[in-house]
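Given below, in the form of structure tokens, are the structures.
In the two complexes below, chain A is the common chain; its partner is chain B in one and chain C in the other.
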Partner chain A sequence: MPSKPLKNPCNLCQSVRAILKRPKTGQQLCKECFFHVFETEIHNTIVDNKLFKRGDRVAIGASGGKDSTVLAYVLKLLNDRYDYGLDLMLLSIDEGITGYRDDSLETVKRNRDQYQIPLLIVSYKELYGWSMDDIVKEIGRKNNCTFCGVFRRQALDRGAIMLNVDHIVTGHNADDIAETVLMNILRGDLPRLQRCTSIITNDTSEDSSGIETSKVLRSKPFKYTYEKEIVMYAYFKKLDYFSTECIYSPNAYRGHARVFLKDLEQVRRTSIVDIIHSGEALSASVVANTTTKLPTLTTCTRCGYISSNALCKACLLLEGLNRGLPQLGVGHSAKIRRQHEERQRDSGTSTPLPTSSSPVVGGEESTVLAATVTLPSSTSSVDTGNAQTKDGLDYEAKVVVTHMKDLETRIGQLQMPSLHST
Partner chain B sequence: MDNSLAKKGRNTTPGYCFKCKIAKSTIEIRYTEYCNPCFLIYLDHKFRTGLRNSRGANQTPGDNVLIAFSGGPCSRALVHLFEFYKSLPAEINAKNPGQPKTYNEIHVAHIDESCLNTPLSYLENDKETPSTGSGVGAGAGVPATKTTMEKAQAIAAMYGFPFHGVRIEDIYDIEWTESEKSDGVATLLTCLPKEQLAISGQAPELVAQIYASPEERSTPESQSLSREEKVQRLQQLLGALTTLTAKETVLEHIRQRLLTQMTKKARCDVLITGTSATKMAIQILELTALGRGYALPHETALVSTWVDGCKTIRPLKDILQRELELFNALKGLDTIPNNGVDLEPTLQAKSAAKSIGRLTSSFIVGLDKEFPSTAATVCKTAAKLTMPAEATYQNRCPVCAGPVQQGVQTWKSRITVTTPPSSSLSSSSSSSSSSLPAADAGHGQADTGCGSSGICCGSGSRSGALSTRTGEQGRCGSNSGSHTSPAQPNLEFSSLLCYGCLTNLRDLDLKQLNHLSARDDDNDDDDTAAQTHVSSPPAFVLPPFMTETLLNRQGYDSAEAYKAASAAASSTNVRDPREALREQIQEFLINDSDDGSDDDTE
Partner chain C sequence: MATLNINLQFSGGMELLFDNQKSINVQIPSTFSDKAVEKHATNMRDLIAWTAENLVQERPELFLGNDGSVRSGILVLVNDADWELEGELEYEVQDGDEIVFISTLHGG
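== the complex of A and B ==
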């Protein structure tokens, strides 16, 4: 083999036969070179953006899907290879979607064992008293993703506080970011256009439901990583992930953007990176326009979390659910409130709906505390995570592809605003 | 719909005009019903609002304007709206001293692009006259009827507006440079072949052979090229681009260049385009997808003053294309049928026949049907963007004349790694000893990556790459035999480009030219003296305006390079990659004193 000319040599090392065409560049690579460029790009992203400090406790938002599974694997690998000195943890949200999340959580649990990373699962049911199945029963299939997205974002923050981490990383990939750039242009959402390309976000930046003063950072190490390459990586590494879409369907508008993006990628494979580049430039352009007012943040009068209104979105949605007015906070709240008041007038009762200024105290604080009870036994082994890194690298678990699309990518999905909301 | 209107407090009766409330409505647009007369008034008001808003705060009345008139529905309506505006009685201005009629002379400009179709089909026609099928099709392309130029001129004459027409191939005339003088000629000699580009995964390497002044060329008559020569050069330029996206983008740059230069030549102060809201929304998304987000604010603003000496305004940018088409229909205005720039014949791969522009267009049009406010929302988004101040027109991209963002090549090389495992593993691991690796070490690694593939910012391997190139160039010079100076300095200019053009020119493949020139030779090899022969290495001539910018930027950069070089002499090699770049190309930079001495020797 050394003397014989190779039939289809890898473009990089020239010494091994290429087995794949890299989606990002079109180069033909061998497996090892692909792993190398894939991991190095993520490493570059982490280093250039100074995502972590030595000794940081980092929670990986894990859904069991391909992005978060690969993220957990790669972070652990890079942490060992480059000695980041990070303390890694897995954090999962159980939305309570039967036939979808329960299966994907099994995958996360396997990942916990495979990578020897401790895992915490927080559930909607315990945090809010409502599982997604309950919510869907209440409000139907339309708009339920608004609830899921808003609640998940807050749930992640609460989970992070329980784990006492400094940082949450999510598996948002380059496709997700490019798509969000397009979405925000299409929807005219300047504040989000401004921040959707930033790789680190403080929770103060997101849509009305962040956790107050927790100082938990969020970042997206896969910002420049193509979705196709993540799949490729998982495939060649034989990683164990769950690959089914959420059973509560995706939304049409974002679907359009996604199809459009795929078309663009087909015409020019650098399109995704190009869009992100544009998005970063546009972000500066939004800031440069001093006449644009970006929303100022306050804290929610009810739960004390960061909010752009007096009442945070999660509290508003929850209030709607508890009052049997699930449309509250979805779409035109003013309209719904007016309709509600008319109905109240007709029936002679008068219970004003919560407005931004009504400081009703909900049952939320207690549910937060309750969630801690659900810490799985594995969290007790938090400290062992790093000690076992060496072994962790060699995992090549069998592919047990169950079903689901990642937590992270879904996060913003129906609730269009939020890329960050994972 | 009735509900939504009622809620907004509008007093309206379904079926009746929303304005006069007397006439039956005949038009429904943006959820509002109009009768014909009211619609025309509404549109005219909208247009004048656009004009008023585009007026600068301290603008003196009496500016001359140039209307970019393609003959399509939007610019056709624009020309008519201006007649309306022009014919307004002066008393209106007297009554409204706060709103003087801003514009004085109104000129109309048209770019005839028929050469993009006809010469190709003309060639085919010649070749295949016996075959019936293609003969008929090509015959239609030959302008038996009036050219778009003639039609446009007729329309302008109808309104009594001065007319300025130009053919798109005239971009090869020297008058379209900023200085309107013959500054130099640049021939794009090499870029990495497409396959090699795919292998390296890097930015394209673009090397131009530059003659700083016409005396250096053996063919002084090149200053006034024949039409065939210009068409041929344009075809070579477009022919070397392998995708429809790239062709369309470069054509758009050429159009923009012609229009802004026409504005100046016509002694106008303002260029007015008929960009509708629909077109604007498409453009916004397209620019984003092309990686041109940095230039987006100035390319889509109501008023753009990016180009020196040519303000661009887009007063129709709040009016939907459908509204303008309606306006044309009601007024009985004829548009000039777009004889569809047909770029596909030169494309080899079928997948290349889709373009980002066309995809975006169908995406927006489709979305606008389902969500009717899409176009307006997108336009409003972009209207709130302001370009960061650091970019200057002086430092513009030679190809698109847009703003250039610093450090894009480094950015790209960091997120798209193209080095084999061994090299970077060693450098990375050495730098990651203590905690997280330092960013500087990472940069060093990226730089060697670039350099080894001969692209931009490497340190060690650079000289090797250069010498190869010089050799190549020498070969080229002797083969073509059209240049007297034996060794012209070459300029690697990919580092001067903006991100969008850098990306776009990845689709450049000079090999394509062999096919093209082979076809040309079959037909008219005696006509053109400066013909590129099949045997000669593929190369094409850059339009003079690009050359001019290259030379300017080069002068600008060489001054910087000297500074950088002297500074670098003492310092370590960790510094701005652009400066390192400049230093490396320094010996290939021409400055004015060199030019002078060259002239003397000749």
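== the complex of A and C ==
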């Protein structure tokens, strides 16, 4: 009896039923072929862009969400499969958000045990003397994302220094990058546009008001990986991740950009890569056509962190918090910073902050921090209480409202054929 | 009236719209009819409308999108396969089907 023809055969092996239609190509794949293609593409991204070299110590920025969970799983797998010779670590930031980060950190701890990768958690409270809960209590919900973004970037860097790593990888995926490109175009923020499209940088700050560079490299191995495939991979591999929205960050602007991109993708399959290419093309032309001088880098007079100003952005924000002037450093930071520095110069004083409120950097002090490095326990607990969350939403809340309307009106510009690289 | 037994699953934050339930067994009518179409076998379009009406506790706009589909960014699997391979809205729901809704909109 001839066997019934296979429904939806896999385009690669032809012998198994397909379970996924790839967003990039429309190709239909069975589970095993999907795993293979997904992992191999990330391997190729790593190799083609020479992201790592043998012996590198690499920290995976881990939020417990889908992207960083899949990243940790896949990097460990590829490190073993292709013998990269990397020393992998998980690095998590505890912003101090009750009911959100404490839950997601539990997920990261399970990942530590499941994947047998050591974990370091650094907290805002320990680094800066303020948790996000404290900050929101002080300043309300309006600009808290600004604080969180600035603090997170520096905290990741400080965590990386404590771990003595060469490199931090983050789970930003193609959809995230396309969203960021879109938002930066709408804001006309070309410096940040350039940074968000680079697969590897040594900037910690994606803020146009001051570039903070670091000895620690940062890269995005998922730059060309679609969110749909990350989620499907996590689903079929039954990976344990966390998924709720940050309680302080409804993130309306990114949310709209995101839904808009998904809608575009329905009518034009290649929208995501098109927009990433647009971002790259625009930044390339910006670099070619401008003679922007890079700010001279110095070190923060308070904490020693690399900064283009006398006070780094985190210290400026802390200064505001500790003086009860939380708007300091929020918004037109360059201007406010200048005013602040002039005032300081005029009065001839620099008010020292309580040491607990100054970020601690390098040297002996950093090892004294109560940050907890924990090693994987050998028993892996598998918990399916999933939830995920988006962190790393690095833009300033203040622009959200003013530019919301632009989303619709400027969208046409993104479709200009000249912006698409082939 | 004939009904279909369907298992609905919600993850990736989708469950937050369903009272935090990750799996719900439902019985839905085996046929639907509306003004435009005569009585027809229940398809995904009907199932999505039925789910929004009967199960979504609040803010159905976080589940429903345009044209009777789910909101963009929600992945749907039919018996563990991407519904894009199964005809999406036109897929005829079968007794015993397992339908999974995964939100990708809840950050990473």
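Keep this in mind: the second predicted complex is superposed on the first by the 307 of 422 C-alpha atoms of A that agree within 3 Å, B and C clash if a C-alpha of one lies under 4 Å from a C-alpha of the other, contacts with A are read in each partner's own complex, and residues count from 1 in each chain.
By definition in this document, contacts are C-beta pairs under 8 Å (C-beta built on N, C-alpha and C of every residue); 3 or more make two chains touch, one makes a residue touch a chain.
Keep in mind that what you see is a predicted model, and the values were worked out from it rather than measured.
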Chain B versus chain C as contact partner of A:Ala18, first or second or both or neither: second
Partner chain in contact with A:Glu227 - chain B first, chain C second, else both or neither: second
Chain B versus chain C as contact partner of A:Ala281, first or second or both or neither: first
Partner chain(s) touched by A:Thr244 [first = chain B, second = chain C, both, neither]: second
First (chain B), second (chain C), both or neither touched by A:Ser63: second
First, second, both or neither for A:Asp263, with chain B first and chain C second: both
First, second, both or neither for A:Arg54, with chain B first and chain C second: first
Shared contact residues on chain A - chain B and chain C: 28, 263, 266
Residue ranges of chain C touching chain A (in the complex, touch as defined): 11-13, 16, 22, 71-73, 75, 77, 80-82, 84-85, 100, 102-108
Contacting residues of chain A [partner chain B, same complex]: 11-14, 22, 24-28, 32-33, 36-37, 40-41, 43-48, 50, 52-54, 81-85, 181-182, 184-190, 193, 224, 253, 256, 260, 263-264, 266-268, 270-271, 273-275, 277-282, 284-286, 288-292
Touch list for chain A against partner chain C, complex: 8, 17-21, 28, 63, 65-68, 171, 173, 175-176, 227-228, 230-232, 235, 243-246, 255, 258-259, 262-263, 265-266, 386-391, 393
Chain A-touching residues of chain B, taken from the complex the two chains share: 198-201, 243, 245, 284-285, 287-294, 296-297, 351, 354-356, 359-360, 363, 366-367, 371, 374, 377-378, 380-382, 384-389, 405, 408, 411-412, 414-422, 424-425, 428-429, 432, 435-439, 442, 446, 499-500, 503, 506-507
